[in-house]
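Sharing a structure with you now.
Lettered A, B, C, D and E in written order, each chain numbered from 1.
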Amino acid sequence: MIEVREIGKTYGSVIALADVSTVVNPGEVTCVLGDNGAGKSTLIKILAGVHQHDKGQFLLDGNEVRFSSPREALDSGIATVYQDLAVVPLMSVWRNFYLGSEPTVGWGPLRRLDRRKGRETTKTALAEMGIDLRDVEQPVGTLSGGERQCVAIARAVHFGAKVLILDEPTAALGVKQAGVVLRYVAQARDRGLGVVLITHNPHHAYPVGDRFLLLKRGRSLGSYEKGDITIEELTRQMAGGAELEALEHELRAVQK
Amino acid sequence: MSVAVQTQSDERLAKPGLWDRLVVRPEIGALLGALAVFVFFSVVAGQFLSPLGVANWLDDASTLGIMAVAVAMLMIGGEFDLSAGVMTASTALVTAIFATQVGLNVWFALLLSLVFALGVGAVNGWLVMRTGLPSFIVTLGTFLALQGLNLGVTRLITGTVQVSGMRSADGYESAGMLFASTINVGGTDFQVSILWWVLFAAVAAWVLVRTRFGNWTFAVGGSALSSRAVGVPVVRTKITLFMTTAFAAWIVGSINILRNASVQANQGIGLEFQYIIAAVIGGCLLTGGFGSAVGAAIGALIFGMARQGIVYAQWNSDWFMLFLGIMLLAAVLVNNTFRRRAERVRR
Amino acid sequence: ACSGPQGDKPAAGGGAAPTPNSGGGSLRVAVVTHGTSGDAFWNVVKNGAEAAGKQLGAQVDYKADGDPGAQAKLIDNAIAQKVDGLVVSMANPDALKTSIQNAVKAGIPVITINSGEAKSAEFGALTHVGQSETIAGEGAGERLKDAGKTKLLCVIHEAGNIGQNQRCDGAKSAFGNVTTLQVDINNPTDAQSRIKGAVQADPSVDAVLALNSQVAAGAVTAIKGAGSKAQVATFDLNTDVVTAIKAGDVLFAVDQQQYEQGYLPIVFLKLYKDNANTVGGGRPVLTGPGFVDKSNVDTIAPFAEKGTR
Amino acid sequence: MIEVREIGKTYGSVIALADVSTVVNPGEVTCVLGDNGAGKSTLIKILAGVHQHDKGQFLLDGNEVRFSSPREALDSGIATVYQDLAVVPLMSVWRNFYLGSEPTVGWGPLRRLDRRKGRETTKTALAEMGIDLRDVEQPVGTLSGGERQCVAIARAVHFGAKVLILDEPTAALGVKQAGVVLRYVAQARDRGLGVVLITHNPHHAYPVGDRFLLLKRGRSLGSYEKGDITIEELTRQMAGGAELEALEHELRAVQK
Amino acid sequence: MSVAVQTQSDERLAKPGLWDRLVVRPEIGALLGALAVFVFFSVVAGQFLSPLGVANWLDDASTLGIMAVAVAMLMIGGEFDLSAGVMTASTALVTAIFATQVGLNVWFALLLSLVFALGVGAVNGWLVMRTGLPSFIVTLGTFLALQGLNLGVTRLITGTVQVSGMRSADGYESAGMLFASTINVGGTDFQVSILWWVLFAAVAAWVLVRTRFGNWTFAVGGSALSSRAVGVPVVRTKITLFMTTAFAAWIVGSINILRNASVQANQGIGLEFQYIIAAVIGGCLLTGGFGSAVGAAIGALIFGMARQGIVYAQWNSDWFMLFLGIMLLAAVLVNNTFRRRAERVRR
């Protein structure tokens, strides 16, 4: 559904991404893995329309596209959870949930927000993720880090029509919530959506991923199908190969 | 606003309390401030409560209030407009010049000045969005430029620094009905501008809280980047807000020119701060993303009452600014004490 | 092409040191005042100076700043430009002393206008044209007293403006029972409301002195609205005030004839440069407060409209 | 070294923490575990002097204390890595590193920053964590999320004298970097520091922790010594007990 | 600043380039703007480049520049001071009243007004920190209050709106040497205020970049919460910054009163914006945490050159504000184009 070919992006003099190719198919989860600063967020920001690529091609359903704003990406059915979350702290939870896709009732100049629907859908969507909020009218800024993350995820899941992109969705989450998110990812996949998942936790990536794109310092280290790689190998690759062995050894020593 | 969420008793909530829920509204501080000022001057100044007195301070608050509401919306959207004050003079000048010097019908002159106002608003917005410069600076530029234009053009065309003679222009009476008539209530004449103010505040409040555009306004002010990321048309929203402010300036300019029948080129300078003050007293955050239109209207009311109250109390007007400064600080402090509790935001 | 001989020591009185350096040629005069041309009063001064410049073929630059320090800088600026003549209003003589003396030292003939009459000769100016605002205020106060008024409200529309304070102080010394009210000229609604409130709060006020024609128009409306019987007098004219004088709503308008304060100095400088003439032997030239009332309003109205009265 | 007794904290009408007791000993790692919004960050903010407790006692070396600012906590040797990181985005990396504890040279009015030392120490400290920055003069705002996290951790490790508090330090980190942080924690412990570690990852907590404080909805679920609990039991407790089983079952099903 | 980091060649960096490294400095935009304005007026206006002309616009820039530098430091620290403009008049008035009305020695009067200034600065800072209100509002309150006090006290004591007669006060001459003398360079008198300006900018630049206090200034402006969390004394730093601004206002007030020997009660109003403009032209962010003292000094220079240059060019003063507005926008735009590249910050 989405295909990127030798895509590249520079910020000023910083080359954040170079020659990266991958594909996102419907009903599959593409995991993007890599070190800190490897360019993962940059890649998904291009897919989400936040940034534009400088080089390479970005194909959506076979046609070359270049989103000039996230609105366009959303209109094409691509919903995203950003690493920095993209919530407006001072706005209430339900308004954040619906931001940019507000439900309305009425006609012409009397068209107004459907606030009842907004509140109720939000409450339900969050409750399904195991987050029970005291009040969906409370500002998002008063939520804990994990609660905020859940709001952003619930929103993307709710509005993602064709592709769902998640940038480190489980980073701030508790064990239970992380489990819920992974279940969501699996459900979205089963509904036929293409999913892009970024994570640093191989234990999260491996169970749900179908394809693993490994990035390092802005370049692709290779793309693996699930069948081609074991979780151990994946972990090793994510940690930069040989270096890890020394570390593991050390950590094991540390465990007394 | 009827909050339809059932209060489940959650053991993590200490005590809900009606008081706490009331106090959450951004306007509450302003409302209490207004009450305090009202009671104070009612006691201190004899004529303050007379029908004429009330009509007087309501009138003063009205033109300030119309602008304060528009400026509040813009501030909630995260931007400033320092050109708002001179704009009220510019629109009046454009109307007056077309009506008296070119000889157009007043209605047509009003239309032209509306187009002019919306144009300036759009330019302000476009410049801010296009260049990425803070609106404080960009509108400071337009503020200076408009100030120069007002004087330069007026002197060029009339040889003096004011345009007068509106009363003899075609259509003055009918246009005056709309913008500058008075309404007799119980023997006292109330200016129609008070109606405009109430109307403008009501529409703005409805738009802010109940419509999609209002939602976007809060969003772009709260975090423009995040809003953009979730698909809010940030540029369009902000430009519309600048144009709304210009539109309000057009209303106020029209009220002024039709009521006074003349306009001076250096009018309006410095008023932009009064608008901002009123909006802030009304609960708007300077940083954007939080505030209320009703609050700004009440802020203007406080301002109007204080300003006229000082006159009614016959205090020495040399110290006027001192009183105003202290009053402002006091009102904002009262206000803040309440808002602190309201804004349960992580700091 | 009349390049006259270099007159090195003219027999001019008033202890004027500067010498007319060249006859003929184009004359460049800088007019530096404390009132911006956005002010209705000073607008007329500017028009006067420019009209004289046009008629005499002189180049006139009008510059103004209400801040004395900034006004001094504008004078310094004119000195650096080596203008042929300098016209200065001295609302604050102390602050301008050094700059004016520098101009005189640099050989630039200086004429002071409007205010600062007392220090004019001391600083080395050729002459002084105009009349202090205090005298104009006194004139207004006297006339109001003659009209049988007992309590006057003097409306200052720009707080801290020295000229306006002098007008009110003048009115006070001639009239007696005067209170001042500060309003904001930039906000006509507020100005009107405050006047309304003031006459309402103190019903004994039976006269209002406005210092600007637009404030006067607002005052007329305000007084009507407050149901007070006070009458308005004002400085300066505009169409509304003319109509109001005709209708009897405004008692009179003080006309300082400030057009002359702009016009005459240019003529004097021209004469001084071309012919080493001085006028009145360095004694001040008084432009005198005139009064516009029902009797002469018809004559003066058309000039007010042109921005020369 | 640090002991809190039945400590409690409310934000307005929100009770974030109630009746929580624990102890931090020198040379030991106390892990605070719990759901999102359980009050973990609130607890450590009290220890760090950012907030003050409303109830209970906070003892440092046996004396009851109440820090009115983080400065006081720092002066008592307590260094903290906050969940929201506490970096100044517009300032350069090395200035952020030394912020609040700037090295100076010179005397009296000529006392000035020792910039060379600042830059070099920063570079070294970060390099030791496996982060090689292009330039320590670049603003922190231009770093990736993980890089920023490393700056905050390196800073706390460098300045922590007696107690080191880490609020989800590994959340945004890659596998390698997370390993490094855990090694740091172990090293700090071995140097005799008391460490408080918050994490959602039982695989991170178990190897290094000596004591596990479990929070749920602001209350303590109990405090366990390492000997008293297995990693499976810990995971189960963190996820809220029985509920997890259903989820695990589901996730396993999802893995096909 | 010698950057001691060796440029390791990293494959993730495209091209370092001397240009890119130069362009990173916040002042560079202002410097280029200043150059542009300088060249423009040198060509357009004849006397602009004459020694007298240079002395003139340097003088104009100097008092503005002293304040701009202080305001820039405050802005970097994340706060505004709208009372800075009137403060220059207040300090001058205090000095003048003590010297001429009370009859104190000028030096002693200066000392008293310094104490007064530092007091007002401390109150500003304390109010801002204590109440958590935005400094924009708090200092607007002090701005109004000081404005009222200036007028009220002056009229109360002298009966007019100005205090004069400094020249006959004790110690006028010696104090004048320090604040208001001129220095003859090649036949032209340069005001000593120019030296004060250069000195103030140099010290501020050194403090900002090289000292611990400067580091804290950037930090509290960039993120007060984070700074507090890592142990920066936020309250102390910000109050000191407010006092620095008040101190600068005292210097400028002293320069004014000693040079002009008289002071008007409404002086200084509106200047606060010029300070802010100069600081912003000089590269300061309105949101705090970024900027430069040298840049602000250059911003003041641009302002001074443009303001006097327009006079030298003999443009019609009616349009003065229009020119100024356009000039400001142009300068800020040039500036911004460069800064965009400099500030490689995530947006």
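The criterion applied here is as follows: a contact is a pair of C-beta atoms (placed from the backbone, for glycine too) under 8 Å apart; a residue touches a chain by one contact, two chains touch by 3 or more.
Please read these numbers as outputs of a predicted model, since none were measured by experiment.
The chains in contact with chain B and with chain D alike are A, E. Between the chain pairs C-E and B-C, more C-beta pairs are in contact across B-C.
Chain B and chain C have CA centres that are 36 Å apart.
Taking the mean of the C-alpha atoms as each chain's centre, chain A and chain B sit 42 Å apart.
If you average the Cα atoms of chain A and of chain D, the two centres end up 26 Å apart. Work out the mean CA point of chain B and of chain E, and you get 31 Å between them. In chain C, the residues that touch at least two other chains are 36-37, 159. Touching two or more other chains at once are residues 11, 14, 134, 142 of chain D. With touch defined as above, residues shared between interfaces to two or more other chains in chain B number as follows: 12-13, 151, 155, 225, 270, 285, 318, 320-321, 344. Residues 45-47, 50, 52-53, 56-57, 59-60, 62-64, 85, 151, 155, 158-162, 164-165, 189, 193, 255-256, 259-271, 274, 304, 307-308, 311-314, 317-318, 320-321 of chain B touch chain C in their complex. The part of chain A that touches chain D in the complex is made up of residues 11, 14, 34-38, 41, 83-84, 131, 134, 142-147, 149-150, 168, 171-180, 182-183, 186, 200-203, 207-208, 235, 238-240, 243-244, 247-248, 250-251, 254-255. For chain A in complex with chain B, the residues that touch the partner chain are 48, 50, 69-71, 74-75, 80, 82, 85-91, 95, 98-102, 104, 111-113, 115-116, 119, 123, 134-139, 141-142, 155. The touching residues of chain B, when paired with chain E in their complex, are 127, 131-134, 136-138, 140-149, 151-152, 155-156, 225, 270, 273, 277, 280, 285-287, 316, 318-326, 328-329, 332-333, 336, 340, 347.
By the touch criterion stated above, chain C contacts chain B in their complex at residues 36-40, 43-44, 47, 156, 159, 180-182, 184-190, 192-194, 196-198, 200-202, 213-214, 217-218, 221, 225-227, 238-240, 305-307.
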